[in-house]
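Structure in structure tokens, see below.
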């Protein structure tokens, strides 16, 4: 069963970003990190106004531009050109981390290599290369009110990324609140990891099979709706 | 005599950079906010054993040339040419690409002090602001705390971080005047403003030198007091104007693909 | 729903200010950079035992009325009305004039923590920036070091200074929008920008509320993230325009004389 | 003799400011404190460009405006409206003290109540009122490369203000480089206080009579020229 599940179709990056973006409530200030997180600015639920911050020095940007339509002096943390949004303002990296370290942001969305049952985050040491790159991740993990991690549920080789204990050097201990993967949405609580949603075509048992810690199935656990 | 911090050439601007100097280099990741021409000039000068302070360690000019960047050099120029002994850096490698820093580091040919990005910015500011040290929570319980003093303040554990001092800061700005006043453009402030004034000598590479009265006092981001030299890029940029929605400019949306193309090209070379 | 931090009245803006609260008050010395209407509203509300954090302790409205200030209240309104238990302040008195703070202090009716101005600004910033404490040389060998930890860094003696935290920050700005983005005018930034975001709740009193798209992203001084409420002064100021040389406006050149006149008036009263 | 000297005509505030301003060299960045110091921006020697900083948040301002001609949103540390100068920029108090504490200013000019032979500065405790007001003085005294003090040579009562040892609480130890008074210019050196200039109509012996520490007479000591 495990081998089949490793190969079984999972959500793509865009859909994962879309699912993450549903977490953003009206008026929240959200930092988006490199990789999948920066895609989230394309998927703000209609009718909500959310303010995106990027560590490189902008608050209040919008969707990623189409190729050839951006200004190279307006980029997100992934280096993608973005549209300005109403109320945008610009600042330097030092001020950016006054916001981040000072606890002024509601949410940060980051990628990860591993997350432990207790919410320990491992996302700065590139495991395959055994070389680290901290960037803004550590300040964000310590500073944001809520840390959402978006990542593939397992490695390319089929190994667990959601672990009982972290294998790699940690970015920050006990910091992750919510995990959105390509097959599930999992909340990190004091009692353990709670499965809230599973991808269309998946079952809680299948998600558990690819997750090292034992999942608590939420009473309202359901299939992700993505429409 | 009128104050005049403008120098005529990049080589003149870096004439006193010396072997073993510590140099702060502005920018973040993409090349547009990086002092490319000053990096080239330092490389040309042939100084070595440098300690550099920067957010990233560079992707290399090839990637930026593919995107049509007129000034494509980033930190990689000093690294690939073995001018750097030690890099104090937040994001030394790329998730997408094995850069020259990573190759040298694996071979034990470059030292590295890795610093969380916000702590890096704040340590640079501390040098500029006459702060002897400061306490942050960032890194408590991680490798970052190793070898550092810790202190309990208000019931929470903090790490003592110290200023990063430097001999030179080289930065990029959009416009500058003879007083050293600088303005930036869009998200290209990055590490440039905080580094201005954090080193003994700050050298600003600007798209355009303007008359003293042209910059609005309300909008100057870097007061001239922090800048000792201003040098203009060889081909004055045509006025980029304000950032508008849907401006027709080359995009970085294909960032990952471009890196892949550049890597392929390198492999073929 | 669109974000909207605009509140309709000063009383509404300070509705949750409570007895014993710590309140940062923006400004420097002259009344133009002070949140006068918010101070009046807090005074009206009748809360007491406040701890205030400000650069100065006020000259009193009479002096500013003489200069034709439309909003003449400064810190003095809370002090003279005995709302303040303790003042954390850099310049509590005037060299020219015995203010109400000085009178109360002599009578033992108000506590004072005097902080060097730069240290005051930096301690406020520390609260905003998540810095647990920092070291400065300012005050070594003076009364300022009393009771504080000291540390030798790089062979020099430093004093440990801690963040100043507050429940509310009330500030003044020139223009603001529904996101809480703020711009200032001339030398009236003073302590306002650094206090924005340093307290749990920041309330900005502005000359004018503008549409979200009106403020240029390059020139916003206080990002809206630091501001929870924006309230406009009752009579929208006519556009003051840019500061130009020789603009015909009432001057403060006769500052000392005005203070003397006000003092004389008080004596007669 | 002393009683006569106490009453003898001395330089006025404007002339003292003029004499201080002669110290400013081309391109120097100079902070001017409350009181007489702010008058210095009216007296920059012709042909020199000097940049004035004020702690309340401006760098690059010019002369004090005539009454009725200023903008209340452009004031110096004394609250006087000033003219903008070329290259002016504006900032907040926090940034202002990054400049000051960070050692970025060449000169600061302040008033004082007392200065000791060793250059100890007393200027925050108002002696007559026994109440202090530190303001920016302490950061400036610690941070500026050179501290120039401008003050009356003696008190209204005729007491020494230039003392062997400070009587009041000090603002900063050993920080004063140069003293400009209404009768003299005195340099503070490791060897002691050096009399450089005396006011027109005064003699070195008369200056000494009103100065507690023994003055070293500079080889080139001369009458102040004020033209």
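A, B, C and D are the chain letters, set down in written order, and residue numbers restart from 1 in every chain.
Just so it is clear, a contact is a pair of C-beta atoms (placed from the backbone, for glycine too) under 8 Å apart; a residue touches a chain by one contact, two chains touch by 3 or more.
Since this is a predicted model, take the numbers as computed values, not measurements.
Engineer: When you check each chain against chain C and chain D, which touch both of them?
Structural biologist: The common neighbours are B.
Engineer: Could you compare the number of C-beta pairs in contact for A-B with that for A-C and name the larger?
Structural biologist: By the number of C-beta pairs in contact, the winner is A-B.
Engineer: Which chain is most remote from chain B in terms of Cα centres?
Structural biologist: D
Engineer: In whole angstrom, what separates the CA-based centres of chain A and chain B?
Structural biologist: So the centre of chain A lies 28 Å away from the centre of chain B.
Engineer: Whole-Å distance, chain B centre to chain C centre, using C-alpha means?
Structural biologist: Taking the mean C-alpha position of each chain, the two centres sit 35 Å apart.
Engineer: How many Å are there between the centre of chain B and the centre of chain D, using C-alpha atoms for each centre?
Structural biologist: One centre to the other, that is 39 Å.
Engineer: Among all residues of chain B, which ones touch two or more of the remaining chains?
Structural biologist: Residue numbers touching two or more other chains: 122, 125, 129-131, 136-137, 184-186, 217-218, 243.
Engineer: Going by the contact rule already set, what residues in chain A reach two or more other chains?
Structural biologist: 84, 90-91, 97, 101, 143, in rising order.
Engineer: Looking at which chains touch which, would you call it a line, ring, star, complete or other?
Structural biologist: other
Engineer: Output every touching chain pair, sorted by label.
Structural biologist: A-B, A-C, B-C, B-D, C-D
Engineer: In their shared complex, at which residues does chain A touch chain B?
Structural biologist: So the residues of chain A in touch with chain B come to 34-35, 54-58, 64-75, 78-81, 83-84, 90-94, 96-97, 100-101, 126, 129, 131-139, 142-143, 169-173.
Engineer: Looking at the complex, which residues from chain B come into contact with chain A?
Structural biologist: Those residues of chain B that touch chain A are 28-30, 32-33, 55, 90-95, 98, 102, 105-106, 114-119, 121-122, 124-125, 136-144, 184-194, 221, 240, 243-255.
Engineer: What residues of chain B sit close enough to touch chain D in their complex?
Structural biologist: 1-3, 125, 127-131, 177-179, 181, 197, 212-213, 215, 217-218, 220, 223-226
Engineer: Help me check something: in the complex, which residues belonging to chain B touch chain C?
Structural biologist: For chain B paired with chain C, touching residues are 122, 126, 129-137, 151, 153-154, 156, 158, 162, 183-186, 216-219, 242-243.
Engineer: What part of chain D is in contact with chain B in the complex they form?
Structural biologist: Contacts found on chain D: 26-27, 29, 47-49, 51, 53, 59-60, 84, 86-91, 95, 97-99, 101-105, 143.
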